[in-house]
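These notes are about the structure you will find just below.
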Amino acid sequence: MADTQTQSRPARATREAFGETLVELAEQGLPVVAVDADLAGSTTTKKLGAYDPELLVDVGIAEQDMVGVAAGLSLTGRIAFTGSFAVFGTGRCYDQIRNTVCYGRLNVKVCPTHAGLSVGPDGGSHQMLEDIALMSALPNMRVIVPADYESARSALRLAARVDGPVYVRMGRAKVPQVYDAGCELSLGGSCLLREGTDVTLLACGVEVDQALRACDELAREGVSAEVIDVYSVKPLDEAAILASALKTGRVVTCEEHMLAGGMGSVVASLLSERQPTPMRMVGMRDSFGTSGSFEELLSHFGMDAAAICEAARSLLA
Amino acid sequence: MGDRSTAAPAGFDADRVCAAAAQMRRDIVTMLEKAGSGHPGGSLSATDIIATLYFGGVLRHDPSDPQMPGRDRFILSKGHAAPALYAALAQDGYFPREWLDTLRKLGSHLQGHPDMRKCPGVEVSTGSLGQGLAVGSGMALGMHRDWARGDSASPAGREPQVFVMMGDGELQEGEVWEAAMFAASRRLPNLVAIVDNNTLQIDGHLDDVVSLGDICAKFSAFGWFTIDLADGNDVVEANEALTRAVAYDAGPVAIVAHTIKGKGVSFMENQVGWHGKAPSAEQLAQALADIDAAAGVAERKGC
Amino acid sequence: MADTQTQSRPARATREAFGETLVELAEQGLPVVAVDADLAGSTTTKKLGAYDPELLVDVGIAEQDMVGVAAGLSLTGRIAFTGSFAVFGTGRCYDQIRNTVCYGRLNVKVCPTHAGLSVGPDGGSHQMLEDIALMSALPNMRVIVPADYESARSALRLAARVDGPVYVRMGRAKVPQVYDAGCELSLGGSCLLREGTDVTLLACGVEVDQALRACDELAREGVSAEVIDVYSVKPLDEAAILASALKTGRVVTCEEHMLAGGMGSVVASLLSERQPTPMRMVGMRDSFGTSGSFEELLSHFGMDAAAICEAARSLLA
Amino acid sequence: MGDRSTAAPAGFDADRVCAAAAQMRRDIVTMLEKAGSGHPGGSLSATDIIATLYFGGVLRHDPSDPQMPGRDRFILSKGHAAPALYAALAQDGYFPREWLDTLRKLGSHLQGHPDMRKCPGVEVSTGSLGQGLAVGSGMALGMHRDWARGDSASPAGREPQVFVMMGDGELQEGEVWEAAMFAASRRLPNLVAIVDNNTLQIDGHLDDVVSLGDICAKFSAFGWFTIDLADGNDVVEANEALTRAVAYDAGPVAIVAHTIKGKGVSFMENQVGWHGKAPSAEQLAQALADIDAAAGVAERKGC
């Protein structure tokens, strides 16, 4: 389970889990293969290539081909993981992911890194804030957004274990560790990190850390916030969300992603249909990112703990 | 045509392939008329090559075991020619002929474009043009490694092959050239691209839309061995080209097959308007008469 | 305004508006140009080419290039409209629309046809049910989903008039005409088609016709349904939606689109944040389409008038 | 180098361009050190050609009127080389030099990749590789029509040109070849593609990732006139190639420029590791010393 003493271990990026976990899976005898597009060092799939050169296929700067080659490899019994940056590894090859991978329900795991604002100084062209929307709209695709290094490792193991397409969103920013080694994510699962009674904070990815900080801050103000890591954006842990929303009567969703089509919009749909509940959504409001450090940007665009606190307060007002 | 039987390798029976192709043509136009929509032109141009693959002994596979290990794979990257593929698969025994009557209907195994999850014998779902060569490259890479490592048996004793059929207009898709670069750089010995060079796309002649120029030259410049197949509607020539391509193992091979769109149906041949339109009942009758007449002529000529 | 006597005029497809309206705009002296990808006949941009061959640029089967060429043409002072089918004209060139058109706020109008289930027999690979999600997630993009031929004409005129990226979703299916010639859509507008008090039906695209039918059916059952055409999915007419939801207290969204990231999810987000209201969402639930006729598919996948009625009834129960 | 001044057309001042290139190099490494991240290797390989365009009189444009009608356009398709573009634009007077200090910082005009809405002189936003040639084709098409119709004046009396600079790794993107086919089919006379052929991409040497083989042969097969620029870091040769390309008007021209990644900074040259990493303060000092030394040598040699 999760360790809520988040400050005790060094911060690590979720992408650091990628190559390492692939090596671990290969060592266990799973027929994994990584297909990258000239970013094997950045995504860390290079580690799998170092373990066995045959297991890393670098197609060059050709994301469409990356997905096609992965699809073909999966059709020879391999579990194929794609790489690249999230902006290119989803948006540049959306039709390939749609019509070859998802339509054919192939055993391809779309696992780009450098999602969201974590590419900081590279700027808006590289800050992918729509990938959850793109991947969630696809039938047969499952979407996992891990919060930290350990849960990213678990997400990758999970992706390898379940048959068919899975999207795992990884980032470049070092984030405090929330989970213990050996934590186990599940499809359609979630993780209750803090129990509370006044407001539910639903977070995924790097926002889990921000939500935990917000929870601490709110506690100082006498507000009891429940924090749930909804790492499985699709399928969603509907039961857990409905139960918590029923208990607290207030929901704040927190994501490092565009609000349109993001986790919050899925939660809003769920609650509106099943159990209308006052909500606030923390995330990107219809704007491109911009150059800056990750931390600067989180606060600049209103996705830091302070913004979450403010959203919670406005619900309690 | 006297030298055909000598030119053809042992095991290849031109008469049988011609007859199979004629039957495919009958099935194609018949199922399209029943469906009321679909793509006859590009199905008919591709028919003879597909017949050669399936009924000329080129493709090593087993209709009773569609997932047979070590089998060759055929990818119809130009998925809109699904009727040609379905006609071959039905005739080869992959599924009951009655399925052909359900083409494009609600609940059918035979979707408008090939769906690997609904129709046995379809190796990968296609329909969005330009994706098959990349998929075929990945397949060929995996299969080649399995073969090299001895993990894979082949029913024919030779290395299992991947055949990818593309349209000429389809080559305008950049992904094709990404895959071409990749396959050449990996020198995939078991990958064969077949271009159905019928010179037409939807909006007209390729040269009037965006010219492909010399297709062989393009594949050559991208590091492929190329074979110019002068008449891609001649099953003997097609068999020769495919046999050479399979034998070549220093890298991937592109066969550029000159074909006639709508081949075999008088009023469809070379008509851009017959790319994506179903024949009426009367047109079907005419089409069947054309196909039968050509088959009769072929029989008389010993093909 | 809208004529609600929907049965009086022949059914027409929204795509039929495309080429015709482009010719009209060219005749008015607007510097329009269409860029298509080997589907100029199907999208009807061919009509603009017939009017003036220079005004239609056919790039062949190359959707990425289509968007790039349109972007370049827009940078020479032209208003560039792209074509192709919705599945290829958005998904195959998402990164180009994102990073060149939207990031640069270029004067490109992404206007593919054959969206949704309207391609019927072509099957799931061609039935684009995620385009609204894709386009709505993009900053600087505006998303218009016209209900019929006349409103599609207006949508295209609107797209030409406003500067910057606009998405206009058109279909192949012939749908009854709801609007009169000369109707005027506006960015962020909506159209109240039927006033009612018990439940609000928010519809866009081909679902407007279904919602009107549902309204008639519900009326026979004594239920007074309000029908609003929310053709401007982005920006959304928030005021009109909030007012109607307040009045009726029940909202059914109706779209020929995936629920994830679709119009309904945007409405759910709006209501959850501003005015929680019981909702039902009619649309595609995480499945690919399949071959069949348009009408068969609408009912097969639960997007016809009957499905809307059922959704409304379940809210009233 | 004795024949340089004769080979160079009137108006081209090699000394001035060399000095400008040296200043660009200083600015590039300095701004990258300040930013703490970014791409020196591909900025430095492209510097001499960009200097030739901006300071050799090739590009007809007006820094005081960035949107001047009839101007030539430069598209940096390999947008990660933004520092080279910013250095040229600053030196040319498009914006105050102080902006260079803000590279990649929150609120800066100088985004990590060129943003046309934030920085004057940037013709189109880039950063996602492979898109510039398609955009350039559309531009060239529109500009050519305006020119042919007489709607457009050119400050130089010649037809306004579009220059698109791409990386060699970037050519692995299929969209480049879609655009290549399109531009050739329309015989765009005012489009010049420049390939910064520094032989390296992020993951290594191109030949070890996915080989591009003979790049000129590829563009030729795609219908382009090609110019092999033997030393793309020599401004005189670059000027000759660009001048020839502008003069050629039977279709689009591709200049394949052999360059050295990291050119001008000893420890960065040909080092794949310097693709996307900022120098430290000490490394910056060394880099500036290298650049100054080379500039001094060049001055002594009369360049």
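Note that the chains take the letters A, B, C and D in the order they are written out, and that residue 1 is the start of every chain.
Simple rule for what comes next: contacts are C-beta pairs under 8 Å (C-beta built on N, C-alpha and C of every residue); 3 or more make two chains touch, one makes a residue touch a chain.
None of the values given here were measured: they were computed from a predicted structure.
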Could you run down the chains that neighbour chain A and chain B together? C, D
Chain-centre distance (mean CA atoms) for chain B and chain C, in whole Å, is 37
Between chain A and chain C, centroid-to-centroid distance (C-alpha), Å: 30
Roughly how far is chain C from chain D, going centre to centre by Cα mean, in whole Å? 41
Could you tell me which residues belong to chain D and also touch two or more other chains? 115, 125-128, 130, 172-175, 178, 181-182, 209-210
Could you list which residues of chain C touch at least two other chains? 59-60, 62, 64-65, 87-88, 92, 95, 98-99, 103, 124-125
Taking touching chains as linked, do they make an open path (line), a single closed cycle (ring), a hub with spokes (star), an all-linked set (complete), or other? complete
Using the touch definition from the top, list the residues of chain D that touch chain B in their complex. 172-178, 181-182, 184-185, 209-214, 217-218, 220-223
Could you pull out which chain B residues touch chain A in their complex? 73, 115-117, 123-128, 130-131, 133-143, 145-146, 174-175, 178-179, 181-182
Quick one: which bits of chain A touch chain D in the complex? Just the residue numbers, please. 36, 38-42, 46, 58-62, 64-65, 87-88, 92, 120-126, 290-293, 296-297, 300
Contact residues on chain A for chain C in the complex? 87-88, 91-92, 94-95, 98-99, 102-103, 124-125, 129-130, 133-134, 136-140, 234, 251, 258-261, 264-266, 268-269, 271-273, 276-281, 286-288
List the residues on chain C that touch chain D in their complex, please. 33, 35, 54, 57, 59-60, 62, 64-65, 67-78, 80, 95-96, 98-100, 103-106
